[in-house]
Amino acid sequence: MLNRLLSNDFPRSRLLGAILVLLFLALAFQPFLIPGIKALNVAAKVLVFIVLVASFDLLLGYTGIVSFAHTMFFGIGAYGVAIASSRMGAGWGAIALGTLVALALSFVLALAIGLFSLRVRAIFFSMITLAFAAAFQTLASQLSDFTGGEDGLTFRMPEVLSPGFTLSETPFLGLVIDGRILCYYLLFATSTVLFLALLRIVNSPFGRVLQAIRENEFRAEAIGYRVVVYRTISSILSALFATLAGAMLAIWLRYNGPDTTLSFEIMLDVLLIVVIGGMGTIYGAAIGSGLFLVAQSYLQDLLRLASGAVAGLPWLAALLSPDRWLLWLGLLFVLSVYYFPTGVVGRLRALRASAAIRAPFPPAAPAAASPPTKSMQGDYVENN
Amino acid sequence: MSENLLTLAGVHTHIGAYHILHGVDLAVPRGQLTMLLGRNGAGKTTTLRTIMGLWRASQGRIAFAGQDITQAATPRIAGLGIAYVPENMGIFADLTVKENMLLAARGARHARQMDDQRLQWIFSLFPAVEKFWNHPAGKLSGGQKQMLAVARAIVEPRELLIVDEPSKGLAPAIINNMIEAFARLKASGVTILLVEQNINFAKRLGDTVAVMDNGVVVHAGSMRALAEDEALQHELLGLAL
Amino acid sequence: MSNRKDFDWKPLALVPVLALLVFPFIGSPSTWLTLTVAGLAMGMIVFIIASGLTLVFGLMDVLNFGHGVFIALGAFVATSVLGAMGDYTNSASLWQNMLAVLPAMGVAMLVAGAIGLAFERFIVRPVYGNHLKQILITMGGMIIGEELIKVIWGPLQIPLPLPEGMRGTLLFGDAAVEKYRLIAVVVGAIVFGVLLWTLTRTKIGLLIRAGVQDREMVEALGYRIRVLFVGVFMVGSALAGLGGVMWGLYQQNVVPQMGAQVNVLIFIVLIIGGLGSTTGALVGALLVGLMANYTGFLVPKAALFSNILLMMAILLWRPQGVYALSK
Amino acid sequence: QAKEIRIAHVYSRTGPLEAYGKQTQTGLMMGLDYATGGTMSVGGRKIVVIEKDDQGKPDLGKSLLATAYSDDKVDLAIGPTSSGVALAMLPVAEEYKKILLVEPAVADSITGDKWNKYVFRTGRNSSQDAISNAVAMDKPGTVVATLAQDYAFGRDGVKAFRDSLKNAKIVHEEYLPQTTTDFTAGIQRIVDKLKDQPGRKVIEVIWAGGTPPFNALAAQNLKTRYGIDVFTGGNILPAMAAYKQFPGMEGATYYYFGIPKNPVNEALVAAHYKQFKAPPDFFTAGGFSAAMAVVSALKKTNGETGSDKLIAAMEGMSFDTPKGKMTFRKEDHQAMQSMYHFRVKVDPAFAWGVPELVREIKPDEMQVPIRNKR
Amino acid sequence: MSQLATRDLTVRFGGHVAVNGVTCTFEPGTLTAIVGPNGAGKTTYFNLISGQLKASAGTVTLGGRDLSRASASQRTRAGLGRAFQLTNLFPRLTVLENVRLAVQATRDGAHRRGLNLWSVWNDHADLLARADAILAAVAMKEREMELVSNLPHGDQRKLEVALLMALEPQVYMFDEPTAGMNHAEAPVILDLIRQLKADRSRTILLVEHKMDVVRELADRIIVLHNGTLVADGKPAEVIASPIVQEAYLGLSPQDASAQHVALSHPNPAPRGGGLPS
């Protein structure tokens, strides 16, 4: 049963398994564990990011495509719900319609991008997506009649999901179950289902082919896989999941604007989470999201304490100033690419020699040990 | 004649978590051609790479011309007068054949400054090098690349020439040329260390021989002695030469 | 590069062709001249800020998303240097101004180069040969760099006034050309010339390109590639610093985010030019500069997307950019 | 001892508007200090300010405000820096039924169609900016071309400006992308439209953040070549460095430390010089005004912080600020305030072009429309 | 019977004609060796047949079906399988996974060639079993869990052949399968090729420079020289022909009688000048 749910892709490390179970339980009982709006907001964001990051990992870690336009789909999902809800008024119909239209739009765009990506070199592609993402964000703020421009859209959700709604006045386990809590559990369920679906996809025969294409596109084509088709499907799938994540975010925030879902900063966060968690492991998305968002939300508080402690040393205090939280995040970023090339998940798995299990993808050997030999990776010279 | 230009004593090499060489002892006598034989995966390539400093020896000592090079950096090792042809040929695919050659000619800043006489000799051995002089090296055929790799190693005189499987993929006519080239080089005083699977090659050229298995040298001696002792061949290489 | 027997003129010809094509739509010759000269000069400035990245990418195959930080750094250093040389900048004599601007450029290039050294050592070195990691880690580097600039110079916008003698316009009939842009053309031409010469006339270019493909082999040939890589990266960073000074003086103010702001623009230039080609970067920059002015004048709504449209059009013509390196 | 009065200040401590946000915070603290006579308490209750960094992100601002109201139990909130953040925050104030005093976000809709009764604003809105500029230049025989950023703020600003011009005539509206760095084409278009017009020729620049077009305009020597003048609003001091190139440029500003003559402003300038060895700026004055508003309201309620009490106290309330007297209009809770028609003088002692007062534009000279629905 | 045929197959690179109007048919049940000097166009010919390169002119047909416009993957699925001269594998996947992917690639039906998004990969036990069997056949079973990038060169060559086996094509194209393989290992591959030969429905093309191997295995030899097909026939005849003797084996006509010596004990035939002093 668990086997089927996890698509036979077990954490393969006791510690990793324990962390995942802990994360799951923490998210499942969050409203009862830590009271307060801030904690609930962080937890909800973790749920959304698990889906968003996992969908990006399908593209980056499994297919080897570096796209900076992923937030575009995230934004489309959020705008879908936002525009439908603000035009049609609060209601499930608006959510459903908005999500569907967004999915359709994402599908078309991802298809176009997927086909386009084959015309240009991989590295070109990532720079081009960067330009596109920027243009799309500008477009979203230009179409202000639709999107509310820079200011974004504030809208309402169906009664049951609104903070004003309460299930019953009597607290359950010390907590009054209001619309916000219900909304949280809606996200929780959606996130769990989508996560398991992605886990299944990467462990399907299709997922394996994606990895083969990532490793050696030329050879994959030569043994009979139509790279175009697989790549395009992967782009589309990852776009669709990101769209759903966007819809989830909009439902939770009851607000959407260009900075909220389309900004480059979000893209950076997503990249960072993938790296910290471990590329090419869907579990990494979950762990990374958990770690990163909690750190991000409480980093400033932490820094405030730290800079207070070293107030005597002006230089250090300036560096530790809570205003410079990004500095530390950037440092974390660099260090994790440096020291955790395989992320938390890769590290934990490596702790345990995985020889006994039929593990088709043990973590790659540390990059430092084997300098890249051109004949084994990258652009293949077709002759011979 | 029996002075050793290169000696390895008890060399161990680790690659990541793997322990590949388990104490290699090897002596390459000056002015002679030494063959390094052994089945696939015996550790021949690893030995050569360790000599060049491309892997670090974790134990043991490597000396070249009286100098300890165990911990030296690759450029310094090469600078002492060693030319190396790696197993994967190390062709710079995006550069032209000419540029590949020019890089190996350390003294020359332009193609014009390369030793023309020597070039002509190389062209006569490996006609493809001349024919594709201005073509990107990546477009060469497999055998042509192999020719370029060897040509590049001999573009300037060096004291020691280390070659990993020079004959693979070459047509018989070119193999002959290559054997000829190594013989000439040896005659001019160059010391040569070859890893080779082609038995004719080994028998015709080898002065001394070392056979590796499982990361150690299991036999060392003169080529002639090995060639005459069929039982030993069977034991070491699983075949008769 | 040396097997470029016959030079490919087509991309270079695009620039005058574009200028001539739009002429009938603009109508007035003086307006056309103003737009064209301003656009070309803008292209030169863009070329200067992009040149360092082209160099680093073309030779070392390192995609430095943190390039923008060096641009910002150069500009901030310039504010400090020029701020301390008020006498020279307030003078109306161009020569006096030069005495302030040239040292500012020099110091900016030195500082950017030195920081480039550290950047190479701590950020880029572990990820040579791996584009994905390069993208990630240099982005991390960019965040850190930007924040450090804020720590040193503060998060505020700092004015960087153009020295007196470089202000104003020169009139050609009814067409006006800013003096500063002409200065930029000169600087850009010098950068272009030096780069091209180093890359095509010396062995350094060859060595580095070879080192990118197979670093071990270059070392086995006896070259200390690491030193070369560091050197090239430093030069690339220094050029970015120079670009920062030029850009800062053009904008006359600097903000820590300025590097990130020009990143997309530089990438577009590089893509149009063909990754790593210096001539390509020049053509790309000139085209971008012209296109921006022409669309800005003719169809302002489209100006926002003019770069992207231009890039798409070029990629449809040559998917690898106008001057693709052999690949 | 009575319970403390908790105030949240949600603003951009970091992010693109970091510079503005920090000024507001400085002004707010100075203002509270001044208004409470250095005691930092009203009606025996201590005032505590809790800072929250919205990083310029609306979603974050929204959740921070909710956190402040519910977890931190603040009595009222001040901020934020950006209009986008403010608009996302408005419904939160309504949900929690607590006051949000907007400062310095400028979008009209904050006190317009997105307004709710918990929202007050001490900052000026875009209309006030635009109208004051119109009032400053509105003379018969003037032809105007506007130059603004192509997004809602720019377009709304031009619209408000156009609506309040009575005598001058707009002949061209040029909108450029927010991120424009090369203004050649835009200026060329304006020049082509203006240069052959009769009468006084003016370009009205409505520009916020980014790279303003002043350097480009100055470089073109429009005054000598075509007799074209440039008009614009005020800005923070570093941005006014560019004004140095326009001696004689006119416009209307929200605040410049040398302009208003009143005790409150003198106190602000003195305190600021004392602490920072520099004059207060645009947003410092705003923060100070917000503090004055809060303390005045609390004094009226005697330190009580019930939202209904506060609203009752604040509607129609007048209070002193560095800009003189402001009044919260009953209808939409927008603070009515003076603006200043200035002319730039170049003074080598200052790093920026110094705006000198031409005349104070009193609130009743500006018909600021009421756009909210109650 | 599915017969492979090329007609006027030509490819130009700039001015250089690498394969020049090669017309040839290959019958099932025969092993054809393709020999020729380095750079003669053998690999390029393979590339044209298997679709890695687009021909400038000419056609490729398999069993009468025209494949000239088909992509490489389509041709593989139509039954053209090929191994590469320079190893070209999935370096960061395990040996087993490399083979399993190849097995899966041509399986239709339930496997849908891997276009199956909703089953778990190791549910398909039949594929794994097949991959295991192939690895056993090339004597690599004990290394199946290793990453390909860690394999020594010789084992990578064997894996290259294993991947071709896994495709079970109609036409097997081997490009110097034993290059860089030692004398203990090469027989494993040669045995495999012999077994394939026994299956009379398969067509086998073999590029090989080792003449003893060619002589033993080939039913027929064709010779390419400068991209042109210059000889075609029974091994003994072809090897004896002057063009092979001279252009390929590097023997002057006088040496022709001593060819068997040359083949097993290559005789240096110095050309050009000696090493300059």
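A, B, C, D and E are the chain letters, set down in written order, and residue numbers restart from 1 in every chain.
Note that in this section contacts are C-beta pairs under 8 Å (C-beta built on N, C-alpha and C of every residue); 3 or more make two chains touch, one makes a residue touch a chain.
Values in this document were obtained by computation on a predicted structure and should not be read as measured data.
> If you take the mean of the Cα atoms for each chain, which one ends up farthest from chain E?
So the farthest one, by centre of C-alpha atoms, is D.
> Which chain pair shares more contacting C-beta pairs: A-D, or A-C?
Looking at contacts between chains, A-C has the larger number.
> Averaged over CA atoms, how far is the centre of chain A from the centre of chain C? Could you give it in whole Å?
33
> Express in whole angstrom the distance between the two chain centres, defined as the mean CA positions of chain C and chain E.
49
> Cα centroid separation between chain C and chain D, in whole Å?
So the centre of chain C lies 37 Å away from the centre of chain D.
> Roughly how far is chain A from chain B, centre to centre by C-alpha average, rounded to an integer in Å?
Computed from C-alpha means, the inter-chain centre distance equals 50 Å.
> Which chain E residues sit where two or more other chains touch them?
Touching at least two other chains: 43-44, 85-86, 150.
> What parts of chain A, by residue number, touch at least two of the other chains?
As it turns out, chain A has residues touching two or more other chains at 138, 142, 323-324, 326, 365, 370, 373-375, 383-384.
> Please list all residues of chain D that touch 2 or more other chains.
In chain D, residues 14, 18, 150, 177, 179 touch at least two other chains, as defined above.
> Where on chain D is chain A touching in the complex?
13-14, 18, 53, 56-59, 62-63, 66-67, 70-71, 83-84, 87-88, 90-91, 95, 107, 109, 114, 150-153, 177, 179
> Going by the contact rule set out above, which residues of chain A touch chain D in the complex?
36-38, 41, 138, 141-142, 144, 149-152, 154, 163-164, 253-255, 257, 259-260, 263, 300, 322-326
> Using the touch definition from the top, list the residues of chain B that touch chain C in their complex.
My answer: residues 52, 54, 73-75, 78-79, 84, 86, 90-96, 98-100, 102-104, 106, 109, 111, 134-136, 138.
> For a test of understanding, state which residues of chain E touch chain A in their complex under the given definition.
Against chain A, the touching part of chain E is residues 43-44, 47, 50, 52-53, 71-74, 76-77, 82, 84-86, 88-94, 96-97, 100-102, 104-106, 111-124, 145, 147, 149-150, 163, 166-167, 175.
> Going by the contact rule at the top, pick out the chain A residues touching chain E in the complex.
It is residues 4, 7-9, 200-201, 203-209, 211-212, 215-216, 218-227, 229-230, 233, 237, 355, 358-362, 364-365, 370, 375-377, 380, 382-384 of chain A that touch chain E.
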